[in-house]
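Two complexes follow with chain A in common, the first pairing it with chain B and the second with chain C.
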Partner chain A sequence: MSTAFLYALVGVGLFCIGLYALIVHAHLLRKILAINVMGSGVFLVLVALANRTENLSPDPVPHAMVITGIVVAISATALALTLMLKVAMETGRAELPDEGRE
Partner chain B sequence: MATIFLAIPWGVILILLPLATGMICFLWPKLAKILGVMTTFAIVPSVVGLGWQIASNGVYRYAIGGWSAPLGIELYADGLSLLMLAATALVGFGVSVYSVAYFERAAAVRFWPIWLFLLAALNALFLSADIFNLYVTLELMGLAAVALTALTGSKEALTGAMRYLLATLLGSLSYLFGVALLYLSYGSVDIAILATRVIASPAVWAALGLMGAGLLLKTALFPLHFWLPPAHASAPAPVSALLSALVVKASFYILLRLWLTIFGPLVGGEGVDTLLGLLGAAAVLWGSFQALRQTRLKLLVAYSTVAQVGYLFLAFPLAAAAGVTAWSAAVYLALSHALAKAAMFLVAGNLLRFGGHDRIADLDRVVQRLPLTAGAFALASVSIMGLPPSGGFIGKWLLLEAALAQGRWGLVAVMILGGLLAATYVFKVLGHTFTQADVPHEPNLVPASMEWAALLLALGAVLLGFLASPVLALVGIGDVFSASEVRP
Partner chain C sequence: MGRNRWLLLPLFVSLFVGLSYAVLSLPEHPESLQKMVVDKIEVSGVSNPVTAVLLNFRGYDTLLEMVVLLLALLGVWSLGSSAVRREATPDPVLDTLARLLVPVLILVAAYLLWVGAHAPGGAFQAGSVLGATGVLLLLAGWRLRADLTALPLRLVLVAGPGAFVAMAVVTLLIQGQLLEYPPAQAGILILILETGATLSIGATLTALFLGTRPQHKENE
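Up next, the complex of A and B:
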């Protein structure tokens, strides 16, 4: 098993931990963090497996993808945090009400 | 003249124009209204121009900055993309005309820039030819859609938007994971190149599962529809119209495009299509049933979207044997639903303005006092129910034809039952528009432009029923449907 593959497995693990946290935690900040952990998992898989062929130099395309992905993740997190603050100000709690779910 | 017209890069204009004017609207709020309407109007001839190019030269390709496919980003449009762009242009212009009178000054300043960004994202999405670019446009679209949902700042709108944001981010991350797996296994993100390279392997199955789940969540297919009714019902009426008509269709388009080119030929016969069909059938029944139970018009219309999205997925199990018919049906349903559902949400906005509420039972003599709005609702309902001669009828007829030819009686029953349930819930609304409410109220004035925008969109959904053969001929350009037959 190569190091790259090991890193990729860690990425998959991060993705799963993030998904679990997103589902079980009610607090919106934890949900937003969970989404970010999931994103980091995907980025780790991309960066790790870019180097999957031992002797050649790493493939630059996944790196470009990760940079684009980080930009997207930052904007999404900024929007999510603003929205969370507004929800907290309006309802008094940074959680989603349960009755909307069915 | 014609050669100049053909030489203009219409695809680039479709993306850059709304992006540029969106930024100008943000910087000079005074210009927002006029510039917004002019931009959405200018999109219509641009789509016509692109259509002309496609009709005379075949599939449209444009290498951005002169860098072509494997390295650079290429714009691509065939008949399928063109139809989605046309639906976006028509619905977008109708909703924009409506929005001029709908939004007060303070809200208008926020609405127009975000709507133009959403328009740019939608156009870019329909013109994308690689799966990573689709991810980026999917995110751009999702963030703009969430911001629009939260526009009113009310408690319901904010929680609805937050739920929507979490769902849409989860969907795109799942999709991105699939993109990563496909790129790392086959060394390309270009859809056409991937289509030639993929073979049935664990990586492809994992990618299908991740991308499929993400896109189904964004398309709000039962049972992943939980975020849609609160978000669509609490947004301002023009925004609900855009979300239901276009944003939900965009993720369906990606799913359809990937299925047709990459996944369908590979795993078509292995039960995935049956699963999608079953979920679609459940969505039709569950969405219609929930719509019937609602007491507020906007929630009823939102649940109707859950049901109508289900119809789109009934095409998947039928496509293995009747590819072209089933896919044409799905595209036709998507188009007519876009027009009809936009009209319905605009009608809901009119009634909300008119009576100050959208409780169905308390509608007060709407037919006498807002005849155009009531007419718009009736026409849109014709298409949603699938009665002739509307666009919805053509789509459902094609689906029914394919299901009957293959002896899929279960699907036939679902389609008929779904149509009956749809008739029941729209007549529940229509019935109350004729009667007087227990507590009569003083109506507020509804501007004529808001009534006409709803009526013309609904009329478009019905007229689509007469345009079946040219539209279906257009969808054939690029031959995207016949490529999907199961490979031996």
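Up next, the complex of A and C:
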């Protein structure tokens, strides 16, 4: 097993931690952060697995995908934060209503 | 709630194990696209493989990605203004820091844009640095002049996607393929596209940070 797989496993771990936080936390800011952690895990898996080549230089195609992915993740986060602000202004709390819990 | 969390834990451990198995079962030395990129790098116009993939081999993806950025900004703008907006006067340290850093950051962005042709760098990195510059300016209390918020701002925002679409149409008409550059001019064409994309990415990220559409005073 090479170091590429070690980093990929760290990425898988980040993804799982993010998914866990996404489910257990009700606050929308925590959910947005959790999705970002999940995304970072996916990026790490992609970048790590790009380095499985025999010679020195890694595969550039996943790297290009990650570069575009990061910018898309930033803009999606900005949109999500604006939506969260709207919810907080309307209801006074940055949480979605959950009838089942009460 | 507490009980449910303990039920979730084994679920996530098994998810981690399953995903790890999927990752580890991938071949150690796969047939990657790297060989194709290395073979064709001569005709791409740049010598940095990541830039070659982004702007030449997969230029179509980058075109759509610029549109995604624009759509996100349109989404934020269409949500209207948020009431919570404090206009605090910045403290002198931040103000001085912004004055010192902004020229340096712009220079760094230009360098990253230029160096992207043959080393790590390129439109996205340069655009992110420009976006950070804009955020720093906004934090230091700077606002875009009112007469620039309408048309000039929009022109900058669509510079990247607009350049991409124009280039796609031109190459489609001349070369017969979407975003297929003639190898002799590929380098300069990629630089033009990247310059537009850098400006757009920087402006879009700054506008996303501001959160609301910059208002221009009408009928005054």
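In this section, the second predicted complex is superposed on the first by the 97 of 102 C-alpha atoms of A that agree within 3 Å, B and C clash if a C-alpha of one lies under 4 Å from a C-alpha of the other, contacts with A are read in each partner's own complex, and residues count from 1 in each chain.
The rule is short, and it goes like this: a residue touches a chain if its C-beta (ideal position, glycine included) is under 8 Å from a C-beta of that chain, and two chains touch if they have at least 3 such contacts.
All of these numbers come straight from a predicted model, not from anything done at the bench.
Asks: Should A:T68 be classified as contacting the first partner (chain B), the second (chain C), both, or neither?
Replies: So A:T68 meets both chain B and chain C here.
Asks: First (chain B), second (chain C), both or neither: which does A:S57 touch?
Replies: In the superposition, A:S57 contacts chain C only.
Asks: Answer with first, second, both or neither: which of chain B and chain C does A:L49 touch in the superposed model?
Replies: both
Asks: Tell me which partner A:G13 touches in the superposition: chain B (first), chain C (second), both or neither.
Replies: A:G13 contacts chain C only, not chain B.
Asks: So, does A:S2 touch the first partner chain B, the second partner chain C, both, or neither?
Replies: second
Asks: Considering only touches as defined above, state whether A:G39 meets chain B (first), chain C (second), both or neither.
Replies: Once the two structures are laid over each other on A, A:G39 reaches chain B alone.
Asks: A:P97 in the overlay: touching chain B, chain C, both, or neither? Say first, second, both or neither.
Replies: The first partner, chain B, only.
Asks: Once the structures are superposed on A, label A:M84 by its partner contacts, choosing first (chain B), second (chain C), both or neither.
Replies: Touch status of A:M84: first partner only.
Asks: What is the shared patch of chain A, the residues that chain B and chain C both contact?
Replies: Looking at chain A, the two contact sets intersect at 15, 19, 45, 49-50, 52, 61, 65, 68, 72, 75-76, 79, 83, 86.
Asks: If we count contacts the way the header does, which residues on chain C are in touch with chain A in the complex?
Replies: 5, 8, 12, 15-16, 19-20, 23-24, 26-30, 32-34, 37, 49-50, 52-54, 58, 61-62, 65, 68-69, 72-73, 75-76, 79, 82-84, 122, 124-125, 127-128, 201, 204-205, 208-209, 211
Asks: Show me the residue ranges of chain A that touch chain B in the complex, using the header's touch definition.
Replies: 15, 19, 22, 28, 31, 35, 38-39, 42, 45-46, 49-50, 52, 61-62, 65, 68-69, 72, 75-76, 79-80, 83-84, 86-87, 90-91, 96-97, 100-102
Asks: In the complex formed with chain C, which residues of chain A make contact?
Replies: Where chain A meets chain C, its residues are 1-2, 5, 8-9, 12-13, 15-16, 19-20, 23-24, 45, 49-50, 52-54, 57-61, 63-65, 67-68, 70-72, 74-76, 78-79, 81-83, 85-86, 89.
Asks: Okay, in this complex, where on chain B does chain A touch?
Replies: 132, 136, 139, 143, 146-147, 150, 153-155, 158-163, 165-166, 169-170, 173, 176-177, 179-180, 183-184, 189, 226, 230
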